[in-house]
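Starting off with a structure, shown below.
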Amino acid sequence: MDITVFVQNFLNGLSIGTVYAIFALGYTIVFSILGIINFSHGAIFTLGAYFTYFLIGGLNNGSGILANAGLPFGLPFVLAILVGSLMAGFCGVLIERLAFKPLRTRGADPLLALVSSLGVALVIVNLVQYLIGAEILSFPSNVFGEFVNQNPSINFNFVDPSRPIPIRTVQIIIFAVSLVILVLLAYLINRTKFGKALRAVAENPITASLLGVSVDRYIFLTFLLSGFLGGLAGTLVGTSFSISGPYFGVTYGLKGLAVIVLGGLGDIPGAVLGGLVIGLAEAFVPGDFSAYKEAVAFALLFIILLVRPQGLLGRRLIQKV
Amino acid sequence: MFESFFNQYGFLMVYMVLQATLALSLYLPLTAGQLSLASPGFFALGGYIAAVMSTTVWATNGMFPIPYLLLEMLLGGLASGLLAVVVGVPALRLRGIYLALATIAFVEILRVVSLNLTITGGAVGIFGIPQPFNSSLEYMWVALPLLIACVIFTARLEKSRIGRAFVAIREDELAADAMGVNPTYHKVLAFVIGAMIAGMVGAITAHFLNTWNARQGTFDASINILAFVLIGGSRMTLGPVVGGMLLTALPEILRPVGDVRLIVNGFLLTLGAVLLPQGLISPRVFKRKKVDV
Amino acid sequence: MKPVTRKIAIAFGILAATTFVVAEKVATPIAIGVSVAQTSNTALLGREQVIGAQIAESFFNSRGGVNGTPFKLFFEDTGGDEAGAINAFQTQINKNNVVAIVGPTLSQQAFAADKIADRAKVPVLGPSNTAKGIPQIGDFIARVSSPVSIVAPNSVRAALKINPEIKKVAVFYAQNDAFSTSETGTFQETAKAQGLEITTVQRFQTTDSDFTSQVSAGLATKPELVIVSGLAADGGNLIKQLRLAGYKGLIIGGNGLNTANMFPVCQQYCDGVLIAQAYSPTAAGSLNAAFRTVYKNTYKKEPPQFTAQAFAAVQVIVEALRRVDKAAKVSGAELADVRVALNDAILAGTYNTPLGTISFDKEGEVNQKLFYVAQIKMNPDNKTGSFVYLK
Amino acid sequence: MTATDFSNIETSSHTTSSILSVKNATRRFGGLIAVNEVSFEVTPGEIFGLIGPNGAGKTTMFNLLSGLTPPSSGAISFEGRCLIGLPPYKIAELGVARTFQNIRLFGNLSALENVKIAQHTHTKAGVLSGVFGAGRAREEEPRVLAKATELLKLVGLDDLAGEQAKNFSYGDQRRLEIARALALEPKLLLLDEPAAGMNPTEKQGLSDFIRMVRDKFSLTIVLIEHHVPLVMGLCDRIAVLNFGQLIALGNPAVVAGDPAVIEAYLGGD
């Protein structure tokens, strides 16, 4: 492969891969604590993008019942993205209280969480459609500031000066933001009391509660963090590509599942690795096979599961006899 | 009044029956403890077989002969069963949610492949599929017997030696293994029978919808069918049947609600899961009567 | 025979014996059905159609309806799938007792649902079904949406007029969209017929947003013309990413991109894109002017093609109804008779719609006189723009 | 004296008449060696005890015998047939049945169903035969029911045949597990702590019961047990494991006097 094309594909893969990773982390921490898959995580992704869009003062150009509505104020983008993601986080908590907690207290089959969160996802998507509309919403091109607006792509010359590699500036920003988030998250989980407790709860909720960790409080915080990450990923993708409507998060929701299972369910480094692997694999699909790009994540998932049934970094389940 | 009801809801009633049968295809592997979401893949395959056969090999101008429809169901079932063996033997080593995701991967791969083949008609799919009946309702002649046959088959299987082996694996795979039950064989068997049902339902549905395309076998369908089984009840044959019928009818029942009907639909789904953790139909409902007496 | 089986058999026997006994009458106001995708991920298109139909409803009712009798539109959501379309059609036919149906949104849905209406002898007018074979579903099926094979080639010729040096073409299309896959076939045939070399065919999905791999692979073949068949969100993103990756040549957008919804997606990068149109907001004609004004007053932008087509579909039914009504009063007549007469009237007429003058052949295929090629001109705000009609 | 020396003695004296032969069986879990070079033989008709402090590797040994865990090295043969590499259900088919230390009944199923399932290897009915109640199933089902009922009666649970296993008392669950294992019609029965959770009366009854079962079904029995008096009174021979190694093997009197055994029990637990 031509080195220029290779470098370009590699950078593209990293950029989308880190977003996959952030999104998938939201899935995986919930799984690590409760052993359930939250199907509404894709809808949270959508919500995060919508929240941020309206918080920066964006108007609804959709045809829902809130057509042409908007907030009377506009926050600076950095603040809006934080508040918007946090609001997504609280939606995650709300979902936990309404759809998961009742199941947990009844000791229901964990599979039911799939159905109850599916219902929630259906509500969110159709509520957005009803209130906002099915139309596409776009962030203004100067949302990352004037520099990005004036220089929408940057040419890199580090391989062959005669053939510069154009990379979208937004992609570079997203990559940088994602890296910062991942580092912060690594710190949070490995170094803080919250992180240690989180891991303890993930390891064994019963022991953790005996050790004095308030399991309920950590479940609350986990869903807050999960929703925050989902909403953040949604906003990042939204600024890069525009919000394509209420079904914006659905494809990411599905692909995120592939990411976490590929990496190993409930495994935090695994989600990052899975995101990067799938991002890169998609970027390196040869042009002639672009038809199959959509299937790459799943083909990879299928093959890797056959070789390593517990995913790349997952621990093998040892059944105690 | 009477026949206008059947004119309006004839399609829906047959569709409910077909979807209920499809729910059994997911229920069967679940009786052996295997959460497989592969049903829509086999459903799509069966449909494609019927669509291709009836528009090319057996193309007719008038009514499509019913024996050919039955033959297509047989072919769809067999092809799905065969594919299920190929996919099931490696995939069923996976457990729980890993298996679920691997089967979703299978459905997605099949979908993308069918988008890219000429024989499946790409994104447009296959249309103008010959009709064996004059109205939607008449499909009941095939759909209902298939459902009844599948219900009886499944219910009786559960009471038989093979069914006991399935349930033993669901309860405790390791103990079942130690009691002389070959887990792999029985898991694949349950998966294959489920796939065959899905393939047969697909073959009928292709004629019933008059068209077939890649959107028939998707992740969304996987999750819907799972909801059929869990809301209906995953411990008795009747559960998925009731769940499949009810959830298929729900968006239509809610039609008078207007614009917010899918919001209500989603809300009811969550409510159903939360309030009926055992599903609508559970063995406990039946047992309780016995204990009281 | 077990008792249960016998009961079922008896029920079927009764059913078979009692089809079509009661005759419904046409109500006042006259019921016309509109069944498009108001939910699901196809709703973006369906919403545009609902708006077009609603504008037509108030527009024509305020102009006397059907010779003085008002008509009423019944909206039944099809969702995005085939079964939903059939259920919606069944409700229109048997519960709302409509004289005709406008819908569904997708060609795949039409293949399923139109058959049902045809059997019930209810005329269907497809507002946006462009796939091959739609009018051939049955005698009662027609469409106002021109098949892609007619719309697409104009734009290739227009591109060559702008830049006769073009030799190499890269083609991109949304492979999960029925319209786009048919359209790209036509584009590719046209390009070959014009002596152009197709250097690459890249596929994507309408649900994608990241096209960097397709763009990289496509631009590696050094094309001088790029042809994109897709829908607003994906097509817009693709065009933006093509430009940001340094592509400077001409871009042709398929008919799916003929919507102002694309502008906020590709923003300033939409500028200069050639679009094959079945509807141009700037087209001449007093009716189009009136339609455009109503739309712009409410939605502050140019009406999209889907809206115009839905408007035209309702218009065709209303005008045909007027002719049927002149022969014999429609309101209160036998519903079944009106449906048959209406179908004949639809196919017989010529209609001066916002799409231009249209008529139908005896199969129900639309004959549209005018097609347009427009070039996108973006406004300085980068969120709005216009389609500038190319002569 | 080392474990290896024991095995040498054993192999030379029991080669021809043994039903079960374990040679240098070893199982590692990561760095931990759960079973280390253990060798012993069991003669037909024998009641063979396997004892040792907690964590000595007894249950791991059972898992090696029943195929649930493959040995890292070593050889295990049953009636002269090598068991290495065979999946558990194959070993069960050959005639090795077991119970579990942490009872693994099919909790949601009735006692009757639990026992029926274990007759799987002795029935052949396929899918169609089972569904139509014809062919093999027609002949097998009454036989399966009769046998299950008989076994439940044997363990005194026939009154509770229709009850869900998870609702049983601890002792009843142990009995049901034995009935289920017997339904396999085994030649070798592995009992993992059958007396755990039983009261003294029940324990006394258990000894008689195990002997009765052995005689009635001509079984060979290997059992793990903590309750020393029970083992001493019941077993023909005893093997003692400590930290995965075989430290003593012989008849109860000999083993009880072995200094290594006394050391293991006093020093260990």
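So that you can tell them apart, the chains are marked A, B, C and D in the order they are listed, and the count of residues begins at 1 in each.
In this section, a residue touches a chain if its C-beta (ideal position, glycine included) is under 8 Å from a C-beta of that chain, and two chains touch if they have at least 3 such contacts.
Just so we're clear, the structure is a prediction, and the values are computed from it rather than from any experiment.
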Handout entry: Chain whose Cα mean lies nearest the overall Cα mean
Key = B
Practice task
Average the CA atoms of each chain to get its centre, and name the chain whose centre is farthest from that of chain B.
Solution key: D
Problem - Interchain centroid distance [CA atoms averaged], chain B/chain C, Å - result: 33
Completion exercise
Between chain A and chain D, the Cα-mean centres are separated in Å by 50
Practice task
Using mean C-alpha positions as chain centres, tell me how far chain C is from chain D in Å, no decimals.
Solution key: 72
Fill in the blank from the handout: Residues of chain A that touch at least two other chains are 126, 291, 294, 321
Fill in the blank from the handout: Note: chain B residues in touch with at least two other chains are 115-116, 174, 259, 262
Completion exercise
Shared-interface residues of chain C (touching two or more other chains) are 39, 175-176, 203
Practice task
Could you pull out which chain A residues touch chain B in their complex?
Solution key: 37, 39, 98-99, 102-103, 106, 108-109, 111-127, 130, 254, 257-258, 261, 265, 291-292, 294-295, 298-299, 301-302, 305-306, 309-311, 317, 319, 321
Completion exercise
chain D residues touching chain B in their complex are 66-68, 87-89, 92-93, 97-98, 100, 104-109, 113, 116-118, 120-121, 123, 125-127, 129-133, 137, 140-141, 144, 180-181, 184
Problem - Residues of chain C touching chain A in the complex - result: 39-41, 43-44, 46-47, 51, 175-176, 200, 202-205, 207-210, 212-214, 216-218, 220, 232-234, 236-237, 241, 244-246, 261, 264-265, 267-268, 299, 382-383
Handout entry: chain B residues within the chain C interface of the complex
Key = 1-4, 6-12, 15, 115-116, 122-125, 127-128, 131, 134-137, 140-141, 144, 209-211, 213-216, 251-252, 255, 259, 261-262
Problem - Residues of chain B that touch chain D when the two form their complex - result: 152-153, 156-157, 159-165, 167-168, 171-172, 174-183, 189, 193
